[in-house]
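For reference, chains read A, B, C and D in written order, and residue numbers begin at 1 within each chain.
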Amino acid sequence: MRVGVLTGGGDCPGLNAVIRAIVRKGVPEYGYSFVGFRDGWRGPLEARTKTLDIPAVRGLLPRGGTILGSSRTNPFAVENGVEKIRTNLQNLGVDALIAIGGEDTLGVATKLHEIGVHVVGVPKTIDNDLSGTDYTFGFDTAVNIAMEAIDRLHTTAESHHRALIVEVMGRHAGWIALHAGMAGGANIILIPEVPFDIEQVCDYVESRFRLDYAPIIVVSEGAKPRDRDEVLRGAEKDAFGHVRLGGIGDWLAKEIEARTGKEARTTVLGHVQRGGTPTARDRWLATRFGLHAIDAVHRGDWGQMTALRGTDITMIPLSEATKELKVVDPALYAEAEVFFG
Amino acid sequence: MRVGVLTGGGDCPGLNAVIRAIVRKGVPEYGYSFVGFRDGWRGPLEARTKTLDIPAVRGLLPRGGTILGSSRTNPFAVENGVEKIRTNLQNLGVDALIAIGGEDTLGVATKLHEIGVHVVGVPKTIDNDLSGTDYTFGFDTAVNIAMEAIDRLHTTAESHHRALIVEVMGRHAGWIALHAGMAGGANIILIPEVPFDIEQVCDYVESRFRLDYAPIIVVSEGAKPRDRDEVLRGAEKDAFGHVRLGGIGDWLAKEIEARTGKEARTTVLGHVQRGGTPTARDRWLATRFGLHAIDAVHRGDWGQMTALRGTDITMIPLSEATKELKVVDPALYAEAEVFFG
Amino acid sequence: MRVGVLTGGGDCPGLNAVIRAIVRKGVPEYGYSFVGFRDGWRGPLEARTKTLDIPAVRGLLPRGGTILGSSRTNPFAVENGVEKIRTNLQNLGVDALIAIGGEDTLGVATKLHEIGVHVVGVPKTIDNDLSGTDYTFGFDTAVNIAMEAIDRLHTTAESHHRALIVEVMGRHAGWIALHAGMAGGANIILIPEVPFDIEQVCDYVESRFRLDYAPIIVVSEGAKPRDRDEVLRGAEKDAFGHVRLGGIGDWLAKEIEARTGKEARTTVLGHVQRGGTPTARDRWLATRFGLHAIDAVHRGDWGQMTALRGTDITMIPLSEATKELKVVDPALYAEAEVFFG
Amino acid sequence: MRVGVLTGGGDCPGLNAVIRAIVRKGVPEYGYSFVGFRDGWRGPLEARTKTLDIPAVRGLLPRGGTILGSSRTNPFAVENGVEKIRTNLQNLGVDALIAIGGEDTLGVATKLHEIGVHVVGVPKTIDNDLSGTDYTFGFDTAVNIAMEAIDRLHTTAESHHRALIVEVMGRHAGWIALHAGMAGGANIILIPEVPFDIEQVCDYVESRFRLDYAPIIVVSEGAKPRDRDEVLRGAEKDAFGHVRLGGIGDWLAKEIEARTGKEARTTVLGHVQRGGTPTARDRWLATRFGLHAIDAVHRGDWGQMTALRGTDITMIPLSEATKELKVVDPALYAEAEVFFG
């Protein structure tokens, strides 16, 4: 059997570890050969390939990023895209595909499965917002990076009188902010699931200053103030006069300064959260996803993806993963609120 | 209500985070006051206490170790030990105890519960070998430290021709070796659950050298060769002429040198694995255990302990945790073997 | 003798290590007692003190920040400020002061020395821009934090097609950008000493993309484009219509996107660079500065400050440190340029 | 011009950064081509080469180890060794050699220079014991790794009652122990330059326990007790009955346990200190050494090596580097002793 492998969407620590595990088990144990497809779905669409054998995966385990490259190409948005993929797979002698990616990549995989392509999925989202799996790899790494940044801010908070804001990833779900904020001992955590009241935030800030200790605020990039008018009042206008919100972290700093009279400073971690070597837990999870994905190919479990449930790896239908976003449970957020203020 | 808190057994990153969470929730939400008991069961036995209020737990989240100190004192091995504890608790006005510890500490807690003391447990073992919970805090930190050591050895392995051995914690269960070895890309992982064949280990070593890449071997301190005679043959004798095994890591190095003619070097991480700041995951788990333990006290869930199941914290009977050791499942070890050699 | 100690200006990893070394040597070896002054010059000005003895400095070595707090208070800008300091020192029985700080703090120390106050200085600037010393503590820590961020971005740069920008500290001197950029393998380094040509930056960006590898740009917060008009063209206007430059990192991202048509993303490390535990080198330097400062007090070397020259600690006049800014030597920048593009 | 590059002796973080800098400057700026020699002097001796061009050095900056491999081969100990090297260099069209290594490697380089081979040296020793340069790359990385291990032990020292020993590299010079011990806040530092009194060590251990805080002892692998009889008394015998000292760390643990009745535990970091990614400072120093080495080739500065003096890179005669070992200055050790006990 000849198996194609591709990675789609934003990069995530652990992608290379998945690829390595697939090949390290698939070649000696099942006698498979592999084709690496470059840049997500663009690979099978344009027959862009890369050699994928045991020497090619040597040393990959600790490396962030993906040797296969990635893209957000959607073959269903390309004329005759699906036909091209079928033809290319046939020409390359590829019998099955392992697609490693998030909502979009697995959405394409689901549709291809429905029209008969042999596909197995591996879930990937640094935001941890995919249903059906307890965790996705990369998330633990991102949380640790954000937590280390918060740890560093604490020493400044003990010495100075400034509100310190950290903006972390999470457009639609606040998992990174929640975990990093709790692990880092943040005084306030703002997430997309719970629109915040800027007055309440400023109350926390001021009560914290009264303890002679500067507040640390962790905010998901997708967090939003409860009252949209608040946003517009503080909004910048660009060179053409259009309203422009800017990052939520910068906006918060300006609002806090204006309302409390205290200085505020923002750290925007950005892509730093996506990169570097994965934590032990992410390497473990990514490696196990890879091993179970190639086992699924061997069993012919098409249309399924790997998932973590407790300490076990199981297979679930691809469609389950993408049907709804996994958001932060209010009970969990309430646990974090114990430490607010 | 007045609640006593104690930590027993070996120290573990996250102990302080548990203590902090108990106090940070217990004081404002339930109106409890707290008594810290020093040095494990010796605290209530000898009425050795420490102030435990909100100022006392400030800044504890990232700190390894335990501000309460620890010991391996067993009150059931002390004359009138249990009576002394009852009297001290009564004199100090302590209505309930939260005992944070491993098999021994929770074993004492179980017996005290059976004779009517109000006890709630929080499981702690760096080796991850307690039944009833998916993971314990401290384990993730230890695995990351061991993995980082292995990562560092890889660069030497690429440049030199020496077998490199890392001895990690794990007397009875190989969880740290298994996780760190898989995450670090070790070529051989030896655990207590699976007695090893030294000939097989040397075969892996030699096949690895033929690939022009030095082998990295991760070994639990409790791993044992299959044939005990092998051990004795290589055994050292101390100044008095008695046979002395020494650490398994050093023994392996000598055997590999003798059998393959290649140099071998050993790293013994020792207490370094127990120390330092906890990872994000361990802080998260420890904090949640603390919050749920004080909730259990509030509900009067005596004789129960916190446990992680998937992403949920639940309560299980204390007796369940200590009745059997959680050892590495052969199926998991087989996953690691894919990467051996 | 009774010695006062204060820390002024922005916090910096290593401040606590200096304080610890002063006390750990001064008490047993010279029999001195100490007074900690809180919040920089505000301490002696308002007689705000803190106990400073051996128990007070226990555990300080690895801790970032400063237990004495800091401020930017200038006693020469306060009515009768100098008189108040003299009176407070006399009332508290303080015979000598050790002032740990940057240009401003040491500038005040210089003037106090000139009017007869017994002062010894310890230089502190995270930006490494003080004359008279090869390095200041805190700088090495900041450089390592920035380098680790760049390391993490490289894995994204290998997988995606986005220009990645890191804005680091350095208002007047580009030492952090230069060192972190060279250590991290940045493709372009922009520093305040060398106004940059945005066209040239975009040329580098485009040539890098042609190699199929995304560019990483490190920029000092104080870096400026050569042509001021460029700045104004891209400038935002605030809610009141005033031109607003914003951070240079964000400005660069917008310019690169507009000029090259490629996506660009910015990381702003901010206060994260100031915090956390110091590196080994910063702890070593800070500890030695502390030891030599208290020796200088013992010798009566008033008006002098500690300085690193090669591997030696020497004393130099305070006035030398503050008379001019130490900027990046063009020859050093030329070494970095070897790796541009 | 065609330039050969080789790395000899033990591996050291920064070797790859030197190689990269040589090539990244030599190719575009001087128009040179390069030949990588494999495994130290064995490379030119046996004409074992490796392609060394700009693609070959991509991504090398953060990688520990050496892509050229290393060995301890001495061509002067091989029959006609020097002749073979001359012939191979001529056949390969190599006009000049850059030898990166320690005492042995540079000793060979010195002799080859004396008989007319065009050689430039780059000093390398993780132990920092080469004369003529303030520091060598790799040392800062090793010190930070050892310091982090000590940091981790402090949390255990606060919670338990055990003497904790860390054995670090340094056969002949105690630089790593001195720097890591001072940076980590060790209570005792034992180095080869100063034979220790085991009674004195035990006195420190006991006085520390009286403070209710466990002692941390850092010991160079080459440290020796003052009285050799002490060593023999505690010595183990191997299977053949010969006296065997074992590691000094293990020996210390046994002596402390026997003399004080307290438990003691040893961490042996071993090769972990040599590996992994270099610190910012080591990457900076290694990169600058590489740039200045290729400049020296361009100028024809044969028989010279790069050296750090303060913040400057200079060239010094190769013979100066190897004529005597740089050992720890007693005045520096006295600074560390301030913190003993």
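Everything that follows uses one rule, which is that contacts are C-beta pairs under 8 Å (C-beta built on N, C-alpha and C of every residue); 3 or more make two chains touch, one makes a residue touch a chain.
This structure is a prediction, so every number in the text was calculated from the model and none was measured.
Peer 1: Please indicate which chain is farthest from chain D, where distance is taken between mean Cα coordinates of the chains.
Peer 2: Centroid comparison gives A as the farthest chain from chain D.
Peer 1: Starting from the mean Cα coordinates of chain B and chain C, work out the distance between those two points in Å.
Peer 2: 40
Peer 1: With centres defined as the mean C-alpha position, give me the chain B-chain D separation in Å.
Peer 2: 34
Peer 1: Find every residue in chain A that makes contact with two or more other chains and list them.
Peer 2: If we look for residues of chain A contacting two or more partner chains, we find 151, 154.
Peer 1: Any two chains that touch count here, so list every such pair.
Peer 2: So the chains that touch one another pair up as A-B, A-C, B-D, C-D.
Peer 1: Which of the residues in chain A end up touching chain B in this complex?
Peer 2: Touch list, chain A to chain B: 21, 24-25, 29, 59, 61-62, 134-135, 140, 143-144, 147, 151, 154, 179-180, 182-185, 277, 279-281, 283-284, 287-288, 291, 309-311, 335, 338-339.
Peer 1: Show which residues of chain A lie in contact with chain C when the two form their complex.
Peer 2: Listed in rising order, the residues of chain A that touch chain C are 10-11, 13, 15, 63-67, 69-70, 145, 148-149, 151-156, 158-160, 162, 164, 233-239, 241, 244, 265-276.
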